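Take a look at the structures below.
Both of the next two complexes hold chain A, though its partner changes from chain B to chain C.
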Partner chain A sequence: MATSSSRPYQGKLRYGAPNHEGRIWLFMRLTGLVMFITVVFHLLYMHMAVGVENITFDNIDARWSGPAGVFWRLFDASLLFIGMAHGMNGVRFSINDYVHNKILNFLLTAAVYGLGLFLILLGTVAIVLGVGGLGNLFQRLMG
Partner chain B sequence: MAALVASIYRGISYRGAEGQWAWILHRASGLGIVLFLYMHIVSIFIAAIGPGPYAWVHATLYTSPPAKVLEVFLLFGVLYHAFNGMRIIIIDFFPALGRYQRTIVRIELALVVIVLVPAAIITLRGIF
Partner chain C sequence: MRVKMRIRRFNPEADSKPWWGEYWVDVEESDRVLDALHQVKWYQDGTLTLRRSCAHGICGSDAMVINGRNALACKVLMQDVGDECQVEPLRSMPLIKDLVVDMEPFFAKYRAVLPYLINDNLPAEGERYQSQESRARYDDTTKCILCAACTTSCPSFWANEDYIGPAAIVQAHRFIFDDRDAAADLRLRVLNDVDGVWRCRTVFNCVQACPREIDVTRAIGEVKLALMNGLED
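Take a look at the complex of A and B:
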């Protein structure tokens, strides 16, 4: 059925069984909604309330310490995981839009996902061990 | 590559007005945020190594005058992507509002400017 209209769709939306890309569409909207709260808070809090000059080693250490530190580490972990998942998928959309060569498309996507997973690993190590945590661990292992 | 060049050419020649530019800015800001996020994660990993290396990262990548200028682009990118994303979600779930999409884009840009201007002033205060 071919329809031609300059007007937006007026009928009732019909949802069938969602396919893979349909679930990704929903995933992008749900993560976007969550990050509208968390990322905008993180951005404005860090830049306007704390001040980037004051995000020093000692201040990150203080923020990540104690019972409140557990909350902030979980909050920062949510930024890391949700942000990277949403971002990697956005890069995949862009690759699919412009790179139509199947082999190149696969290689680029694999590179983006590989880099993304590696960075998620780095971020997780930093959040779990804390600032200076990796250096301290190395010193202990070296005796 | 040819597809990218063709896309840029169509982007310039196709006069899609608000909706088209909103889409282009959403993609550009999204890719810019991802690049920043890569740097951001590496810099926090460097903080896990020790105070010395992090002090260098903090001074160079976060608080130097060029970094402050880039920070304003980051503020714009994140705020635009956030508000434009909300617009996309609203239009997706209430398609009838597509009739007012030009107005909605303008309201969205006004909200971005209202939040961005004080944030940018606070950011650039230090370097002037």
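Take a look at the complex of A and C:
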């Protein structure tokens, strides 16, 4: 067992070196803060200002192609990317906490990442091509 | 008052799995759960096995799960538990007998954070002086009595016994933030691990469980920040 460190305490130690898990911890804190603002705004705007009964295909299409369309697409993109990254990592935490079998742990983590990336891709296509664009893309893909 | 004691029993030489024993005891409202357990052991069933030493909330040997919450049996009053009192051994620890668990894995983690003053430089004036402000920096974490109530209340520890646990982090905090000590980097290296502070999910169970009212989650947060930013005076 290490019993000594000959370096005396000099006020500021150089150990400020977070590892991978430390950086992820910081990422979760920061994205949590960002989402606290964006999700509350999203809820207030969509559910109070717009009204749940008015959230339709056309409503979103109009918002995305209107004068503030770029802002709304960027805002929704931030919800999509930050929410998915934060959420997927949360599920990864739970898997790491509870699944000790290495193979099962790997398979579950891979499944979560796969599903998450698929949803991110789907959302990105919608945001880039617009609401109708996604439908058109599907139609074209289906022939 | 007459109280029904429901006690988790297990004798490794006779039982294949733990079972519930039920006992009725007459106690004063000002009696403690430990007194009720003594009544069972001394007058009803001498085979009941529990660990206790000072019986005054200092030695930390009678931590157990009382009505679902981790506490010291010598600090919980019968008037606060009601007519039914359910007592179990600490969770996620190897069970030895009845309410006695094997504390060795817990103490192994305690030893891992080097819980003693490390400083090779001799003090200038015969002893190491410390300002009141510097002493106050880690005052809260000096109160730990190593009862394991916090660590065994932690869902991260229940899920994964490799987690070093809140008690070891509290003990590390006590030395990391002591300006007479020179080995904070060694301790931080131990805690900068997926099974170190980063398995803490800030559930706050440890704060509720601590019989010494240590702000455990705050101490863990301070260690996390020290890992992120380095230490400052």
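Here, the second predicted complex is superposed on the first by the 117 of 143 C-alpha atoms of A that agree within 3 Å, B and C clash if a C-alpha of one lies under 4 Å from a C-alpha of the other, contacts with A are read in each partner's own complex, and residues count from 1 in each chain.
As a working rule, contacts are C-beta pairs under 8 Å (C-beta built on N, C-alpha and C of every residue); 3 or more make two chains touch, one makes a residue touch a chain.
It should be emphasised that the depicted structure is a prediction, and the values quoted were computed from it without experimental measurement.
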Contacts of A:F106 with chain B and chain C, given as first, second, both or neither: neither
Partner chain(s) touched by A:E21 [first = chain B, second = chain C, both, neither]: second
Partner chain in contact with A:Y45 - chain B first, chain C second, else both or neither: neither
Which superposed partner A:F71 touches (first chain B, second chain C, both, neither): neither
Superposed model, chain A: greater residue contact from chain B or chain C: B
Touched partner set for A:N96, first chain B, second chain C, both or neither: second
Intersection of chain A interface sets (partners chain B, chain C): 7-9, 13, 97-98, 100
Residues of chain A defined as touching chain B within the complex: 7-10, 13, 29, 32-33, 35-36, 39-40, 43-44, 47-48, 51-53, 55-58, 60, 80, 83-84, 87-88, 90-91, 94, 97-100, 115, 119-120, 122-123, 125-127, 129-135
Of chain C, residues touching chain A in the complex: 111, 114, 118-121, 156, 159-160, 179-186, 188-189, 192-194, 198-199, 201, 224, 226-233
Parts of chain B lying in touch with chain A, wherever the complex brings them together: 3-4, 7, 27, 30-31, 33-34, 37-38, 41-42, 44-45, 47-51, 54-55, 58, 62-63, 71, 75, 78-79, 82, 85-86, 88-89, 92, 95-99, 115, 118-119, 122-123, 126
Contact footprint of chain C on chain A as seen in their complex: 1-9, 11-19, 21-22, 24-26, 93, 96-98, 100
